[in-house]
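In this document, chain identifiers A, B, C and D correspond to the written order of the chains, with residue numbering beginning at 1 in each.
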Amino acid sequence: MGASAHAPTAVAAVNDDAFKDIARGRIAVWWFLASEIMVFGGFITCYVLFRYAHGGWEDAARHVNWKLGAVNTVVLLTSSLTMILAHHAVKVGDKQGVKTFLGLTIALGLTFLVIKGFEYHAEFAEGFTPLSGLFWSFYFLMTGLHGLHLLVGIIINLSLLVMALRGTIWACGDRVELGGLYWHFVDVVWIFLFPLLYLT
Amino acid sequence: MLTWLPQNVSTFGGDVDHLFHIIYYITGVWFVAAELFLFYCLVRFHKSRQAQPLYARGESSSQAAWVLVPVLVVLMLDLGIDKIGGDVWHRIKLELPPAGDQVHVTGKQFNWEFTYPGPDGKFGTADDQTIENELHVPVGTVVRFELSSKDVIHSFFVPALRLKQDAMPGRTIKGWFEATQPGTYEIACAELCGFGHYGMHGVLTVHTAADYQRWVQSTWGAAKAAAK
Amino acid sequence: MATATPSEIRVGAHHEPHLGFLRSYVFSVDHKVIAKQYLGLSLFMALLGGAAAYLIRWQLAWPETYVPGWGYVEPQQYNAIITMHGTIMIFFVAMPFVLGAFGNFLIPLMVGADDMAFPRLNMMSFWTLFVGSAVLIASFFVPAGPAAGGWTAYAPLSARPIYTGVTWGQNLWLIAVAIEFASFLMGGINFLTTALNMRVPGMTLWRLPMLVWTELIAAVLFMLSVGPLIAGAFMLLLDRIAGTSFFVPDKGGDPLLWQHLFWFFGHPEVYVVGLPGFGIMMEIIPVFSRKPLYGYKTIVWGMIAAGVLSFVVWAHHMFVSGIDPRLATPFSITTILISVPFAIIVFSLLVTLWGGKIELTSAMLFAVGGLATFIIGGVTGIFLGSAGLDVYLHGTYFVVAHFHYTLMPLAIFGGFAGLYFWFPKMFGRMMNETLGRIHFLATFICFNCVFIPLFLAGVAGNPRRIYEMSSYDFLKPAQPLHVIATIATLGLLAGQIPFIINFFMSLVRGRKAERNPWHANTLEWCTDSPPPHGNFSQPMVVYRDPYEYGNPDAPKDWMAQNEPPAAPAPLGGGQIRRTGTR
Amino acid sequence: METLLESAATRAHYIAIWRWLVVLAIAALGVSLLPISKIAALVLIFGIAVVKAAMVMRDYMHLKAETLIIHAIALIPILLFIGLALTLIPDIALRH
């Protein structure tokens, strides 16, 4: 960190503990993600326990469209790839790559939301609402919150894209990495929501 | 503090009171010792009586022992309390002695409903009787109850029996008690259940065997009661 | 490796930039201004919480009589008042006081940083809390009144408007509490990152002042525990607004789940509020005993152990709520074992006093007074933690007295101690000691007179949250206890008047404070009072432990952390550790 | 700055990870359609999900290059909510 430049050598060695080597942005984002893990962990805990307690949720779960869900899984996994490639482009100084991959990530994120919208539409048309039983309450609550998180991710990526287009992104280099951490986290949440809600 | 405990009329109430006394005396000794130590320090080591403070960092093992040895004693006492308290808990909530009598207790805003199986001893038959806010039991008999709620959470609290159990909507919770002395005792609700919470109160009447028979007869009629 | 971008290299004081009123005092990013904003907000909310206490106590002592300044308290109103009293005092007084105000003010100063790691996030977390407070206050004015389901908001009472008659009050309550959680999660990011990452050279973890340790542990506990309750709050809000049945049994929901989620957070939360109170005591007691804190590392490990244990004790709030009775046994054991780490902390503080050169300033009085009262809270926890006895004591005034005896000594006594101690650093002026001592005596005596009688009422079987108890015959003997408690409450509230006078008088008229009026060691005393924008005029370097008081080998009886070793041969106690001891 | 060669290798690694993720996603779908016992299917499906999540966290979120403190921040909450879920089984899942 910057302050160590001013320190007499006698004490400089005292400070070499493990925490100061980490950029503070990464500590902060991981810390934020940890609290998110607890929130989604809470939802998943409730869902799993209720599902075990009640049984009969398979019948409800049969009505969700697992095909669209599977497509969305691939879409989101691919967006994670483009996101990490954008981060990679920042690292190697590939100016065009940053814009391309951020743009692709945003497009894939939007694709996910559009497909999810079609799913919701079909489910509402069939008469399934959050009030159609506990499974549907959980389904709409968890996928809805996940969608909101994705929307926030898209907004973050849009702001990064604007910075990339203006060329200001190079001055604060780790922002794509930090945005990426959040994006991948949203992907990880989906990795669990998909089997929980669609496959079992 | 101890004299504030209300009269105890249940078989396990004595255990609860005993546990209370044990913890009271153990923690009481620690409390008095700690406070005396604190006030002694404040007076004895006030700056008007102390020119040079004692320099002790408490890091060497011999110095840390001044803290850790008492802590070890605390740990031992904790384990002792755990053992005694665990036994009491086990007796009240985990053991279910054979029933001599049964009753269903249902909480609702803002009354207690007590459903008696009647002379046939079975619930769900025509001779069941539901009485609001009045629980009648014979003395010296194990009474098993099944607790439930029609709306929100209530808590079935009989101070004289040292008994408390929440009534949780959507569940039926089993419990028991055995009263040791005839008399009337109050039943309270110990979980906030709405604006009428403070008035949700019932009466437990513990009858002698003869009195109980009389109560049964007056409630179900002489003929039916005799059939029992 | 960290790449130090230009914005990260911010050492030394800057000239106060001319930012204008709004950005200097309202939307300031300076951690010291934000800390004062937290302080102001918490003191303001404390007035509301205190007023609620006044109404509650009056109603309990003289049921259904005219309460001066208010009128008659209705049963529904009574439930709303106790709900808001609890919510305000825990979430909007204790947390902003010990975490928001002292954490924000002291963490950067104590680690030698110029500000928090993320100043704008810091500002945002305060204004988020402000919005939360506004939402909570707004809930007083909606039709059907504020939330009346207790501060624990147990479902289904809180999950369906029909059970309490409260409509938007409960919704706003949930929203306000959720906003408050978001605020302190943001604050926690700053606490952690600043304490870990912005320490100046020489400030190893084992040289951190205890207050920083406690704030750090509190931030960790809060972050780890609050998530499931946020999830639960969403579900409860949906139950209320959309009519789902997560916590209502009619379509398969489970009210017990809410209690689990609530107390999984609720118990660590007690330590979130409590540990920083201990941190303040641990800063003040060595200073006014002129002795090192006894067993620094033992205490740190004890606090970490308490933090870990706090995650495996929550069901002791639910022994009789219908949990599987077999679960109660392990939870009872862990609960009682938690007295071990707290015994370490309390005994260490007691031994710190032994052989000291004790000066009873207002700050010290509040610190030792808090310690003395906390001991009562600590030992009564054993009664409640023992499952067998909790069957009787659960939900009685014993519980009420117990948690007031744990939270008030730590958050309020500790907070006042901190305020008397750091007021000169915060505002550059000394507080009046005479008024401070009057304030302490009134608070200490009245506080004990409020809650000792309530222990007795609890032992007599008096259930809490009872609007009036005259209909119960067995509670007749407890009624005089409530009268004593209420009179003492009036004294307690009146006892705060000297503080309010002192606070505002000292702000304007107090004697100018020097840099280090108490001859203390930690880094905040090595800069001006109040510290300038950017905190330190030169980069700080730390050479020694924070509690080097009364070392007979040293030239004076305190050695500031940044004081370099005098001679080539370093002093015994203040030796530099060349290896990074972790 | 990495060399061009390293950069290409890193990129190829990211793409390889993605390929695995997609393969595993399809495998999980396949498992759900297999006529095997419910328990076996659940174990397989969630085993695959855990592997996928671990891959994303390790390679895309660079957990493999992080220090102990970040590992702790990421893993403690996971363990904690799993512990919460396990503790609640007797109360919530097995209540009937």
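For this structure, a couple of remarks:
We adopt the following convention: a contact is a pair of C-beta atoms (placed from the backbone, for glycine too) under 8 Å apart; a residue touches a chain by one contact, two chains touch by 3 or more.
Since this is a predicted model, take the numbers as computed values, not measurements.
Counted by C-beta pairs in contact, the busier of A-D and B-C is B-C.
Averaging C-alpha coordinates per chain places the centre of chain A 14 Å away from that of chain D.
Our note on geometry: chain A versus chain B, Cα centroid distance of 49 Å, whole angstroms.
For this pair, chain B with chain C, the centres built from the Cα atoms lie 31 Å apart. Contact with two or more other chains is made by residues 18-19, 21-22, 27, 31, 34-35, 37-38, 41-42, 45, 49-50, 53 of chain A. Residue positions of chain D touching 2 or more other chains, listed in rising order: 69, 76-77, 80-81, 84, 88, 92, 95. Multi-chain contact residues of chain B, defined as those touching 2 or more other chains: 171.
This structure has the following touching chain pairs: A-C, A-D, B-C, C-D. Contact residues of chain C toward chain B in the complex are 74-76, 79, 148-150, 154, 156-157, 163-165, 248-249, 253-256, 289-298, 319-322, 325-326, 328-329, 332-333, 336-337, 339-340, 343-344, 346-348, 350-360, 368, 371-372, 375-376, 379-380, 382-383, 386-389, 391-392, 394-396, 455-457, 459-461, 463-469, 471-474, 477, 547, 549-552, 557, 573.
Listed in rising order, the residues of chain B touching chain C in the complex are 1-2, 4-6, 15-16, 19-20, 23-24, 26-28, 30-31, 34-35, 37-39, 41-42, 45-47, 50-59, 63-64, 66-68, 70-71, 74-75, 78, 81-82, 84-94, 109, 151-153, 155, 157, 159-160, 162-166, 168-171, 173, 185-186, 188-199, 201. Of all residues in chain D, those touching chain A in their complex are 1-2, 7, 10-11, 14-15, 17-18, 21-22, 25-26, 28-29, 31-32, 41-42, 45-46, 48-49, 52-53, 56-57, 59-62, 66-70, 73-74, 76-78, 80-82, 84-85, 88-89, 92-96.
Residues 1-4, 6-8, 10-24, 27-28, 31-32, 34-43, 45-46, 49-50, 53-54, 130-131, 133-134, 137, 141, 145, 171-174 of chain A are the ones that touch chain C when the two sit in their complex.
Remark: chain C residues 196, 224, 227-228, 254, 256-257, 260, 264, 311, 315, 323-324, 326-327 touch chain D in the complex.
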